[in-house]
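In the two assemblies presented below, subunit A is common to both, partnered first by subunit B and then by subunit C.
Presenting the complex of A and B:
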């Protein structure tokens, strides 16, 4: 009941939440494609490539945390852990694999 | 020390220009085409008669009252609740009050319901037809070429799918034919569509699936009895626990200002 009351006093506006999710998702998709380009050009194969992607997304998360959310993620995200750190990691994976394969095929093989 | 022999295949650079690039361009253009086809196929909502609009809107009104009850003072909320509940229970807002309590007609005979199903069919068709066409096109024109090497290993189960048309038994699974590039673009082009067409485009599959579950359609579907909906909404209003948001606002303000 208490939490419901808090929500009613300072409500969460759905449009703003959607906008924030959209911004994060755009950043993630763009960076995932660029990581794919980098991994393909470096010629990474199998596990190093995926680790490269995970490390890259972690860095992007840090940057979003520091630059876009100004260090206060709870002001911009309803659930900071899920939406900022874990959100959209796997949706970017498909575009990462696409550009990775393309540039690996162009440069190396 | 014996390193496994790495298979290498020297490929014609023209394969890139004549297979990889065409498939990618066609996939992107298909997504854009699908977006515009969906926009064009979207039929405009049919004009409804005045009593029907009133029936629909009054139900939405009850829903909104329930959602935003907390901003109302207790007296005004009680007054609204009493009015809404009594008119719901009397069936004041019903489009045709005579048919109250009678069983609904078969939804298949209702033209409005048929229209909704047709819309869903159109969405599915716009999704299915380009995919089948492009798969056929790739199989007809580009089968039998090994065009690229995947940067990650796969299990041999994928061999029959990814190397379709390449009749080499011992070739590493990582060498794949054009069909697998098609699959990669199919799943990986979502962000490209997002950048080209804006975020809520009809090109990607996720939006496709979300679009079928139209939130407005469930509220007042043709197969639901509006009388039953009104009665359940009245019940929901009755049991709603009302809490005025401005209750104790002075204390909260003072507590916030106190250092």
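Presenting the complex of A and C:
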């Protein structure tokens, strides 16, 4: 009820939310396959590879936070924790694993 | 900003290609030796540069609060964003969705616009000043 009233007082623009989600998802997909290339070339296996991915996404989140959101994520994301810091992390994981295994096979095997 | 992003992307891609090729050659020559430090550093450096370039060349975010979004639209107006259609027409950013009501003409006092909101506070202030003066004019 409280949040509903909050939204009635300061409404949210749906097209902007969609646009921002799209931008973050685009960045995540591109960087996820990039980290896969790096992880495969470094020859990481099992858990270190996933930790590498998580550290990489954290760095990318920091970049988005500093460059695109100008340090004020609540102005651009409805829930900054879920939409910016944790947004689309697991949907990028599949493309990460794809390029990780591909480059591991190409370079190492 | 877009130019800087493109430059970073190009530089990063060159470094990444070089690092991956070096790794491939290294493992082909010494299959069981660990990767040299310089290749590792080059690889990490290149992906850092590339991700910075990707973030910098991404489109800007739009404010989600209606007040800020509408304020920005009203201040900047519909302007080109560097995109053109195939016919050569420039694609403009989104404009004021209530522009067709013609409220601006009325408020600025230039045209025959429709008045959107009556300035209650201003009128009240005028009224209190009128009362303070003694109600005579």
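Everything that follows uses one rule, which is that the second predicted complex is superposed on the first by the 102 of 109 C-alpha atoms of A that agree within 3 Å, B and C clash if a C-alpha of one lies under 4 Å from a C-alpha of the other, contacts with A are read in each partner's own complex, and residues count from 1 in each chain.
Everything below uses one rule, namely that a residue touches a chain if its C-beta (ideal position, glycine included) is under 8 Å from a C-beta of that chain, and two chains touch if they have at least 3 such contacts.
Owing to the predicted nature of the structure, the values given are computational and were not obtained by experimental measurement.
J.: Taking subunit A as the common reference, can subunit B and subunit C both be placed on it without clashing, or not? Answer clash or fit.
T.: Once both complexes are aligned on subunit A, subunit B and subunit C fit side by side.
J.: Can A:77 be said to touch subunit B (first), subunit C (second), both, or neither?
T.: After superposing on A, A:77 lies in contact with subunit C but is clear of subunit B.
J.: In degrees, to the nearest 10, note the angle that opens at the C-alpha centre of subunit A toward the centres of subunit B and subunit C.
T.: 90
J.: Of the two partner chains, subunit B (first) and subunit C (second), which one does A:32 touch, if any: first, second, both, or neither?
T.: first
J.: Look at A:100 in the shared chain and tell me whether it touches subunit B only, subunit C only, both, or neither; answer first, second, both or neither.
T.: After superposing on A, A:100 lies in contact with subunit B but is clear of subunit C.
J.: Smallest separation in Å between any Cα of subunit B and any Cα of subunit C in the superposed model?
T.: Between subunit B and subunit C, the minimum C-alpha distance equals 5 Å.
J.: Based on the A-chain superposition described above, do subunit B and subunit C contact any of the same residues on subunit A, and if so which?
T.: Comparing the two interfaces on subunit A, one with subunit B and one with subunit C, the shared residues are 26, 30, 43, 106, 108.
J.: Tell me, which parts of subunit B touch subunit A in their complex?
T.: Residue positions touching the partner: 8, 16, 20, 70, 147-153, 181, 184-185, 187-192, 194-195, 199, 243, 245, 252.
J.: Quick one: which bits of subunit C touch subunit A in the complex? Just the residue numbers, please.
T.: Counting only subunit C, the residues touching subunit A are 16, 19-20, 23-24, 27, 35, 40, 43-44, 47-48, 50-52, 54-56, 58-69, 94.
J.: Per the contact definition, I'd like the list of subunit A residues that touch subunit C in the complex.
T.: Residues of subunit A touching subunit C: 10-13, 15-17, 19-20, 23, 26-27, 30-31, 34-35, 37-38, 41-43, 56, 59-60, 63-64, 67-69, 75-78, 103, 106-108.
J.: So in the complex, which bits of subunit A are touching subunit B?
T.: It comes out as residues 5, 8-9, 22, 25-26, 29-30, 32-33, 39-40, 43-46, 49-50, 91-92, 94-95, 97-102, 104-106, 108-109.
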